[in-house]
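What follows is a set of structures to go through.
Below, chain A partners chain B and then partners chain C, in two separate complexes.
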Partner chain A sequence: MPVAVRIPTVFRKFTSGESQVQVDPGTIGDLIGQLDNRYPGFKRQVLTDDGSLHRFVNVYVNDEDIRYIERLDTRATEGDTVSLLPSVAGGSDRLDDRGH
Partner chain B sequence: MKYKSILDAIGQTPLVQVPSLSPADNVRIWVKLEGQNPTGSVKDRVALALIEAGEASGELTKDRIVLEPTSGNTGVSLAMVCSIRGYRFTAVMPDNASAERVSLLRAFGADIVYSEGAKGTNGSVALAQEMARDDKYHMPFQYGNEANVTAHYNGTGREIIDDLPEVKAFVAGLGTGGTLTGVGRRLKEHDPAIKIIAAEPQLGELVYGLRSLEDGYVPPIFDPDILDGKVMVRARESIAWTRALLTREGIFAGISAGAVIWVAQRTAERLSSQGGGDVVCLLADAGWKYISTEAWTQDIDTAEEQVEAVLWW
Partner chain C sequence: MSDEFRISSELAEEMVQHCIEGRPNEACGMLGIKDGTVVKIFRMTNALRSPVRYRLDSTEQLAVHNTLYSEGWDWAAFHSHTHTEAYPSPTDIREKRDDVPYVIVSLATDPPEIRAFRIEKEDWAGDEGVVQEIPVTILP
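Here is the complex of A and B:
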């Protein structure tokens, strides 16, 4: 069973519009490499020039932020779900009802 | 208890055990009820600290208007503190904020300036920053004001240690980062082994869709290194556990509370396998402001849609 990677809207222009992509198990670093092979330029979007995770990108393995596990060395095994998400400003201040 | 002013009644919130939500016998989950603050949220602590910091530095004088981009709890808290301390307060909020929000802020005496709704909270921040160039305004800016952190270091964190010195883990929602950074610092000074865990919302696709990566934001006051873990929670789980808090424990909390409970349970499971102990979680507000989402009354699918349609964090 592969690993499912969920792609947020902001990155879909690099994945031909796909919202979910299947990759082989491995470390998050490996997974990003696989995605870069399939979608050239993908890596540049999520990693900085020195190869670390972009400050405004969060990566989760089964909902846990990899920054607090083993960063890019965190492993995703068969059946895991990896989510990529941009970080956004939060706080209950953002509770505005949209369009109502 | 007797207080000379409503401002003195801020903080010292109850810490309540929720036995039915604990995943194992050797762990206990406690909730700190910030909805018990005067205006009903944890932001009373922050607003008071922001205003007092402005006064102490001499930047906030009676002839200046307090300005903050907010349509949420911070706005209500700032409006309350400002009215007592004798300042005018202007909230900058998106023009599509709900009528309920606008009425609540007006009731508390706030003036309102609207920013373009399509630009969301970022648009309010940008407009407020532009307005703040005029000296007649004083903008505390909770995302970048260290007083937000010290309010929790001196208040919330100290109270937790006073009530439960044996605490092993602390869970709170990640918004400005003020709670996690301030409480986290205080608890780690008390015992460096205490785990600090953030619950973070997985906001609706709609919310992310409106943003590009360039809009990404890490609040300046948030210290990511204070955390030992960060867990993403969906609206669905958050609603389910907010309901469980009410039906099983009689606690009527805001929707972010469910996310915090869900993460507290995962944290407690891990703690259970490491000898057990006490987990404290902070519930930022009460449920009143969320009734119109029907999070408690609809079937869970409808409730999920309704909650995801608003910014529930």
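Here is the complex of A and C:
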């Protein structure tokens, strides 16, 4: 049984519009490699040049954020669901309204 | 969703209340949207606990996405500006990553102001973006 990977809208242009794809079990690093083989350029969307996870991409195995477990070494086994989500962040960066 | 943003006065009040309760920090959350109208406010934790920055708690974010997925709802993000206007800051533009409306609640005015925007980026991971306002309709 493969691992299901849920693809967020922002990455679907790299997966021919697919919202969910199947990959073989392995570490998250392995899974990203499989996706990059199938969809060239995918890895660059998710990983930095030094091979770590972009700070604005969240990856989960089932309900767990891999940043709080073993990051890219976290394993996804048969029947697991891996979800990718862009982080949602920002802020005013100021406590006054001068400058507008 | 189409580029209009409708929310009932009751749900708008709930969103504003979450922002007021979050002070002095910025507050944030997600909005479940059906047919262009907000149907649910997801009050969420600002993982940065900051008066000038926010990031949705990532575990809560997945849980809300699972609900959106099972309900078939669209979504938007919201956050507060505690002392500045309801308009995307350079940080909001730089940190914008997903292709959804971003709603800003300004607590600098009384009553608080609610405005909605799309931030278009050529490169989703890049810093530059173009802000386009989405008209907000508050339903009775």
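Rule of thumb we're sticking to: the second predicted complex is superposed on the first by the 89 of 100 C-alpha atoms of A that agree within 3 Å, B and C clash if a C-alpha of one lies under 4 Å from a C-alpha of the other, contacts with A are read in each partner's own complex, and residues count from 1 in each chain.
Here is the rule we use: a contact is a pair of C-beta atoms (placed from the backbone, for glycine too) under 8 Å apart; a residue touches a chain by one contact, two chains touch by 3 or more.
Values in this document were obtained by computation on a predicted structure and should not be read as measured data.
In the superposition on chain A, A:24 makes contact with neither chain B nor chain C. Contacts of A:85 after superposition: both chain B and chain C are touched. In the overlay built on the shared chain, the residue A:70 is in contact with neither chain B nor chain C. Touching of chain A by both chain B and chain C, each in its own complex, is seen for residues 8-10, 45, 54, 56, 58, 60, 63-65, 67, 83, 85-97, 100. Residues of chain B touching chain A in their complex: 41, 43, 69-75, 93-94, 96-101, 117, 120-122, 125, 142-143, 173-176, 200-203, 205-209, 211-213, 215-219, 224, 227-233, 254, 256, 284-285, 289, 292, 309-313. Chain A contributes residues 8-10, 45, 54-58, 60, 63-65, 67-68, 83, 85-100 to its touches with chain B in the complex.
Interface residues of chain C facing chain A in the complex, by the touch rule stated above, are 26, 28, 30, 48, 50-56, 58-59, 61-63, 65, 77, 79, 81-85, 87-99, 102, 108, 124-125. Those residues of chain A whose C-beta lies close enough to touch chain C in the complex are 8-10, 45, 54, 56, 58, 60, 63-65, 67, 83, 85-97, 100.
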